[in-house]
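Each of the next two complexes has chain A plus one more chain, namely chain B in the first and chain C in the second.
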Partner chain A sequence: MQKLGDFKLPQFFNYTPYFTLQPVRDTREKQLQLWKELILDYCKTQKIYTIGLEENFPLFSNPVIERSLNNEARETFLSALVSEGRAEWLDKGHKKCLILWHRIQDWAEIILQFVKDYGLEDGVMTIEDIRLGIESRGTELHGVDRTILNRALKILESKGKAAIFKGTSTDDEGVKFSV
Partner chain B sequence: MAGNTEDQTFFPTAAVTGSGRPVLLPNEVECQLLSAVDLEFEERSPPGIADLSPALKSGLLILTTHRLLWLPANSLNSSATAIPLSSVVHIFSPKKSIKSMFHSPRIRIQVSMHSRSMVVTLVVRGKGDLDGFLGKLFESWRGKAWEADTCVTGSVSGSSMGSGSSSGRGGIYSSDGTVKMAGLTGILRKEQENWESTDKSLQDAFRDLNALMSKAKEMVMLADKMRQKLLSSSNAQSSEGNDDETGSREEIQDMLLSVGIISPVTKESAGALYHQQLARQLADFVRIPLERAGGMISLIDIYCLFNRARGTELISPEDLQRACSLWEKFDVPVMLRKFDSGVMVIQSKAHSDEEVFARIRTLVTRPDALRTGISASDAAIALGIAPAMAKEHLLSAEIKGLLCRDISPDGFRFYANIFSEFDANSLYLVKDHSIYSAWVQAVSLRAI
Partner chain C sequence: MRRRPGIGGLQTAAATRDQYRLLGENVAKVRTDLMKEQLATFRSQLEEFARKHKNDIRKNPTFRAQFHEMCAKVGVDPLASNKGFWAELLGIGDFYYELGIQIVEICLATRSHNGGLINLEELCTLLRQKRRSDREAVSEDDCLRAISKLKILGSGFEVISVGKRKLVRSVPTELNKDHNAILELAQARGFVTVDEVERQLLWGSGRTIDALDTLLEEGLAMIDDGHRDGKRRYWFLVYLPSHQEGLMYRVSSSFCISCTNHEV
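For the complex of A and B:
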């Protein structure tokens, strides 16, 4: 079985038509579905949060069969993820895409769970601590993308479960939980 | 009503092809067509009552070298009425009178058959070149083409055509008064005459184009004769196995075979009915090439084949297309089909895409095709059709979901569509006995 790093690739990754955007609707629907699942799967196991369209994203080319997705196909597949709320464009030119293998509200839930597990219900943490601190090590929150974390915290704030306060720099932005 | 049925049995009926064209006798050539013609019958003997029996209304009248054919307007599945010119006794000159100016023009002819005489009136309600028609009618009538037939068939096969006119010309004197040949000298003389007349037809034919046109029928007959000769001699000599000679002979045979349509529909003969009649003739013609091509043939191929068969009086591409698009209005077994790409083909109505798709399916699920896919030219070779047509078939199979495409610097290839066998919820699942598993196997062979 072919592998990409430690990621096991499905058999159909060597099916050449998989790398050509199919024009027939039903076939394309199926192709889109398969690409969406594969991209989410891959990003989740490899902890990849953003995909640059013009960068060499390893999944988008297959040297074994000498095929790679063209730009139209890349944008089509990522747009399909965006329309399902599983990704977001980070710029207007659609060059960079934020991949949400957990939706933002799911990330918010994960933060809440983390807060409960570590007894931080009334505590204060810097945002950087959540991402890179000792407490989050071994959880899904470790190394999470800054944008995703901010968006999830905003959701919690709107629900009254957290208050974000600004520090002198982005590094000391803090959050007070009140679960 | 009794008079009507009698009239129709009085005249022989003529067979009509599936697309509503009359079936012509051997060597019979169409001369002119008139639309919206009524036939009225008026019995002369017994002279008691001039019974104007119910007429045949508003049909298509076709003048050939042998007969006058009348086809009902909706001529499909019904037969035509035929008046053999050989039994026409008299053609009345049209009377010029004040009264005739208000009438539809009519032509009256006296026909004698089965020792009965009858006057038939052709009432021309439609527009048409009536004087021209009358001229052609006289020409054909006096041409006595049917007599030439009985001579030819008489000398070739020794049997008469069964036409009554030949029975009166027996004996040792022929119709022009010369002594008929008998015995060995006679056969030799006959052979000599045949050669001379063949030579003369060749010379006449090439004198000018008009002469060529009038000789067209004879040229076709000559070609047919030569073909027969070649056929019999090749059978006799096949044991000798002279490859080169048989090769060239086959070539000539092919050439001669493609000299085909004895009576082409022309603008001159059909006038306003041109496209309609052309459509019917075309429908008859495409049957055999269609069968050979597997039920579908491109318009360009038919254009070449059809014009080649016509030999003279070539048709333009526009005429062909118009004729084909008229098929919708007739109940013919073929249709014009336009693919999304704009490619136009003729296909028989019995032809089904399913059959082609089934063949494509077996083609793309072979192990090597599973691995490398197929190109339009691969499909063309396997299906025995032109690449452009093969591509159309592949594209429609793709739309059907049977195939999918792979575009790469190596080219445009089609693969068996196995997307439906991939499971988005379980990306690594390969079901046993699926095309997917066959594909995995085929691909793994490459890796070794």
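For the complex of A and C:
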């Protein structure tokens, strides 16, 4: 079994036709399914939040079998994730993609849980503290992508469970929870 | 009563006819009895044999195959009915019906990634895994026998021979000679190219592409355009040594293919 760091690659990754977009619908569906699962799984375990289409993303090529995904295939797989709400394009040109192994609303739930666990129901935190502070260490929130965090907090804000306030710089942006 | 001419003659003739008939019946009866006796002897001998070797038949796949062969030679099909002494004696019908059901299950479970064509060897391995708790061994011969019984259901189960390999088809697609020829050609490396087919089988490109397209459509093959020679490869899923461990129970979520089959 091939490995990428400590990540165990699935067997299909070693099979050349999976690196070519399949023309037959049913076969392509199966191919898409496998790739979607692989991308989400890999990003989740490696804590990868964005994939650049033209970057050297490790899953996009397999040197052992000398195959790599062309741009069309990359965009197809990521678009499939986007259509399921498991990813979002960050630009109109579809060059950069935000990977949501948790959907935004799930991230919001995770924040709520974190707030409850740490007794911050009426507390105030800076956004940077949530991402990189001591409190979030060891939780899924640690190191979370800023865009994702902002979007999740906006969901909470719209539900009246948080209020985001701007500071003098982006570092000072804070949030007051009222759970 | 009015006298008719030659009544005596007629009566004699009738009597003779009766005699002949009686005699004929007797002969036939004797023959039938003899036949019945022979059959009874044969049956009891066969029963005796089966009883004596009951355990061998159940436990030893080779012996079982030979027993089937013997039965076939004398025109007895122990699987023809689940009633009667075979079933009572050996439970052999149940054994094959159970195998049949398990084969159907395996074929359905693996269909999504092999397109409904599975290697007999692989099928047997999966079958053995499925029956792990069962001490009785299952041979390829048993598989073939169980599959031949499935045909009656008209569900399109069929064994096709491709070169030395036997493949079990569980989708109703009829594979014609052309498809079989391609499958046979692909055996060596797991894939073919259009060039290769045209060269080896001396076909025109229309015929080649037509056959390959059908195989793609049926989900039996996948294309690979990534080789540096730029030639499209048609890979056949049935030739992938699939990652068998636990395959059955996580079919859709993480279909695995062994990495041992990629070209060098």
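One rule holds for everything that comes next: the second predicted complex is superposed on the first by the 179 of 179 C-alpha atoms of A that agree within 3 Å, B and C clash if a C-alpha of one lies under 4 Å from a C-alpha of the other, contacts with A are read in each partner's own complex, and residues count from 1 in each chain.
Just so we're on the same page, a residue touches a chain if its C-beta (ideal position, glycine included) is under 8 Å from a C-beta of that chain, and two chains touch if they have at least 3 such contacts.
Quick caveat, the model's predicted, so the values are computed rather than measured.
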item	value
First (chain B), second (chain C), both or neither touched by A:150	neither
Chain B versus chain C as contact partner of A:8, first or second or both or neither	first
Residues of chain A at both interfaces, chain B in one complex, chain C in the other	10-12, 14-17, 19-20, 22-24, 26-27, 30-31, 33-34, 37, 66-67
Partner chain B, residues of chain A touching it in the complex	8, 10-12, 14-17, 19-20, 22-24, 26-27, 30-31, 33-34, 36-38, 41, 66-67
Residue ranges of chain A touching chain C (in the complex, touch as defined)	1-2, 10-12, 14-20, 22-24, 26-27, 30-31, 33-34, 37, 64-68
Contacting residues of chain B [partner chain A, same complex]	373, 398-399, 401, 404-408, 413, 415, 417-420, 422, 424-425, 427-428, 430, 436, 439-440, 443
Chain A-touching residues of chain C, taken from the complex the two chains share	112-113, 216-217, 219, 222-228, 233, 235, 240, 243, 252-259, 261-263
